[in-house]
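Each chain carries a letter (A, B, C and D) given by its place in the written order, and its residues are counted from 1.
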């Protein structure tokens, strides 16, 4: 039998860390002995556990320690991390450590160093003076850069559950299609107001269906009210928004009149052509070609727009970053200082953001497809709220709440 | 080769009848020759076609004529229908004719008789004096009753497309999750106002998710405004509505406060007990136990409620018809004089209604699941509008439109 | 402040009971102090915790104790249960205790009595001699019957997690559409073989889509191999199965030939008529009218069939219980001695079963709609396996595994 | 009133062209008069109609003619197309004609010229000598290139319905989750065999879920059997396939063992690193690092792989085209000579292909999400078959059919 002693500290029972650790051990057919346990007597107290883990092979033990470490367990007799140089540009050394989306620390020369820009599925590069560490993607690495390998000397600090038990962000919870949404939307509105008051930053990630469903007016209003600092989307939303501003249609469907009569699938092509001719969105706004809509509001309010391209784009319009790697880099830079992300109807962009967002950011994810909501919120331990609903009425109600925070939420009961 | 000549009359091109007929023939590997065709020169004109159909076997020809007849084709040299007595109570004679949900005529002694209460998947019983015919279910039939058998002497008149090309009911169309719904909801509201003005009857068919999503207030308002004459639902909606009236929760979820905290799954059981103790819904309203909600509004407004039971019911409360056949009979009686049906979030009750509704009734079907909408609207040729959306915001917007028909639809743009 | 002391015993950390209890307390804004905790040193050891719970009102405290009791907490200084007579037939006394689907014990005259037939959403009736107790539905109760009221003297024993960590039933887990299913199907097959060896009983709950998708052959085979002891379904599956046996179609779709050509929606009506004429399924098999299919196999193998009616039925055929309450009673009787339930493509029947199934039964739930799987497995703590997949290939692979347990699962790799 | 005369030719009734044309006219509130109609007497005969269309404004008339032209109507007194030079690189002239995905002809100097590489949402560029025309995307166009503008002189030839009425590709049909699929899969297999015999080319478009569900083995087999000439996918499928080849897992889920235990989300990162180190997929196969799987089979069989990047990629591995425009160009080139496309579980890549595929190509689209299938097949008039099912069992059955075409489709009934 091979064994090792690990320690757990913090709200390990309340945040489900201890049970998860024991569960991992048992699921792998390994054994444990709790050498010592001190459970916090009151809810603000921290707890402590020392556990001897044993497995039948050294390999199983090593793999298990890797898992336990991701739950915040640390192996006693802590050693320094092991390091190795990158063998080539864009290539990590064998057996490099793959990060989670939790805050991570590495021990170098007996001292713990926090890993900057924690991000899922990255490696950890250590600076030449070994005083700092940061998470890196393949494209960040150059031959000879020093990278953490193996499992030793690494400590993960899981996000602990919010102690404010009135916040909807203490959970990782989803309001399903069959549940009432008004109260949750009101809480999202309150959170956005708090963020604005404290000069925090809100990112909207959205897909083209936002415009198709007629929700463009609401997002335009949200931007004008100052609740959006950044917008990540693709060529599609921009094109349909401009089509709507120029022709009143979205993919040929008239947004105001009867949705059942189609008119003019060419409109979006002519919209693209006009923006290309003008030289871009900013230019089209300056030349008063585009005088309303989401893009117009973004230009007016100085919202930072990131448009990333995809292989299904028509056009695209100028300003779209067609290279996926380049777009990833731009998005990552603009994710560092966020407070809240609102994801609406875009699997592609939302997954890209979920891959790079720091663990501290709060996430609200809205989609009519329950599978999309489940995929996007599943990566977060806490701080993620999902709503399975139609984007248009969601945004309408959210905007009403933000414009008239004192009014009751429902137009019906107000009368 | 076996062949037969059929005739088509009416808006056979505009209503897609001629193409469907030719399609049926070709799909079955049969042949046709168009002996004569007169296409209406203008849109109000009717068209006419005479087609010789031929097939390799008599059986194929007979089956094809059966199909063609459902598209309105009639076989020339029309004969009287064939009749046979029912061999036992609840049993039709061999080879009985199975109806569609189109208006049907049978020729008896050289004269055409219209079939009363046309309904899908029924037989046709002829009165003893052979002057009238009506569609019958298995449970309607007694030994010796005279029933139509075979295919001969039967003429079907498909619903022709509405000539009012501004009506959303001229189509069988669905507004998908990715399309704007505001304009369609406005048209539904207008139609409901027209129906109310003309003293027509509106049926609401709803499931329990209507209450869970917090839309109960909106339906209560709709009833109070006089837009609902009948309500078909089950024990569940009634129980959750009364739970909401008594305790403010629905299946233990607080409808006004945070949806994310559950409280009291027992509430619906205590609600059932109180209604059983009181003796029923009407009694509970009279005794002022229930003073608000959908059921309360129905009692006050004299809305005709049909509660049908199912095997997943708790309780049930008094007034629920637990026998499925008895419930079918009650519903069928209350479907005869309807103008419009609004189906929301109930596959079970909606399919039961779709099975029995006369072809002239307009249908609006709302569900967040696109498959439910597709199944419910697929049986109608025209006059069915589907919306894939969340019920709560749909009903909120519909109710606002009906209360304030002059206001713009969006609370946002109204400000 | 109002406070009370509760105790927890068993695998309270491994089975997540302690964390859930603390979570309930914190979520309700109450406080706790852990007076004593003994964590099992090894995985077979039980743990123990004594916790002082405090709340700001007596009401909150009482409600919280109710919740904690459902997680297995018991209040120290245990008292006898409180009892009250039923005020009328079918009516429980005020404040009756509502059961969960966990094993429950009540203390009467200082002695603990186990509640027979534990079932969710029931009351507890105590025998006249107060020596036994059983869970009762509204229709079971008569005026004067003694019923448990309030929260005191009740102990709940949650299902503890299976200690066999190789079993798929130790979890409440769902294999989503995007995950591999072969290994899980193999485990389900192994479990079914174990059940058959030990003379356990397997119930199949199925809906009509099983026949529509062409999976009827597989279920017929499963029955012939002796893997099904009971079948709960509705009129629909029986009718389409018999339509398939008589005409080779299901709702008019040819099951063997091209699925894209429709033929004969009347077939199911003629099938119903023939069974009504014959006098029922058994009679139709005896008279050699029905010589193949699921119903035929059930009659041959002596499988206990429960057919319950619904308001969307055509017919129905003889043998269908059209009264929902009567059908509930029949199903409940046949659920007592089950080992495993296989639910496929029937929300209605599966929910009815999930409402009444004892906590010890293992559940396998298969549906192509992830929401259906989620609803059906969510009520179980452990022992439920969900698969989001097509029923036809699932049943094909399961049947192959059961026929040829040694063969590799995939026809491709076998070659 | 403004009016114009249009002509329709071909199987205009059988292919639903005449009804669609009349429908367009009526829906827009315009009028028509059928000046002449000759309906083909037999199924091989073509039909002809001459229709006078009238509208209240010149604008409405012009727009209507545009629509009618897309249904194949041609305006009598045909004129030459109007041409204008592109004002800048990547910008079309004002009012450029936007193509559909139908075969299109333009009249230049009185002669009709066929537009090469017909593709939806493009412009038409005319060669300098005005003898040829081709469809162009924005990025194809340079300042001064001659482009078709307006609506005049353009004729569209809609795909006419296949006269082989036994082919599943005569329809645009979808086999829903509730329908039998075996017969359709058999027909797809037969079509693939015909294509292989005639040296046609089959393209597979697939997403990563194909590997996650354990269907990689089947696709590998399909490639080895010579049924795949091209594979369009992204970084994800390639990475998970190589992870599976190297470690036996897919996104950390063990494909052969129990799907319910997760192991090693790092595996896909280490897989990426090894391919980057090796220098690419071909190199990794040459160096015997990758010795099995889809990518390995592609390299061995000389299948043309197009890997296009997206913003959610990890890595990517060498060979992925990260620029979306560049990837579009590569895909377009490889779509010209296809016979059949099999789309499985990839919305992004499938939509990109659907945007560029020539109208003659047959499409089979498989997804467990009915909305994905609906979106992908909706653009095709005919020749598209959708199946709403799980990819793994679909591919298993298809591969079995292709390996053993004489065997019955079901392993169960074969025994």
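Keep in mind that, in the parts below, a residue touches a chain if its C-beta (ideal position, glycine included) is under 8 Å from a C-beta of that chain, and two chains touch if they have at least 3 such contacts.
Computed from a predicted model, the values in this text were never measured in an experiment.
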Counting C-beta pairs in contact, which chain pair has more, A-C or B-C?
B-C
From chain D, which chain is the farthest off, judged by mean CA positions?
C
Where the centres are mean C-alpha positions, what is the separation of chain B from chain C, in Å?
33
Nearest whole angstrom, what separates the Cα centre of chain C from the Cα centre of chain D?
45
Give, as an integer number of Å, the spacing between the C-alpha centres of chain C and chain A.
37
Shared interface positions of chain B, touching two or more other chains
27, 177, 369, 371
Given the complex, residues on chain D that touch chain C span 168, 171, 173, 175, 177-184, 187, 209, 212-214, 217-218, 221, 250, 253-260, 368-369, 388-390, 392-394, 396-397, 399-400, 403-404, 410-413, 415
Per the contact definition, I'd like the list of chain D residues that touch chain B in the complex.
13-14, 16, 18-19, 22-23, 26-27, 29, 31-34, 37, 39-43, 165-166, 177, 370-371
Could you please specify the touching residues of chain D with respect to chain A in the complex?
27, 63, 87-88, 90-92, 94-96, 98, 121, 138, 261, 263-266, 269-270, 272-273, 276-277, 308-316, 322-328, 331, 348-349, 351-352, 355, 369, 371
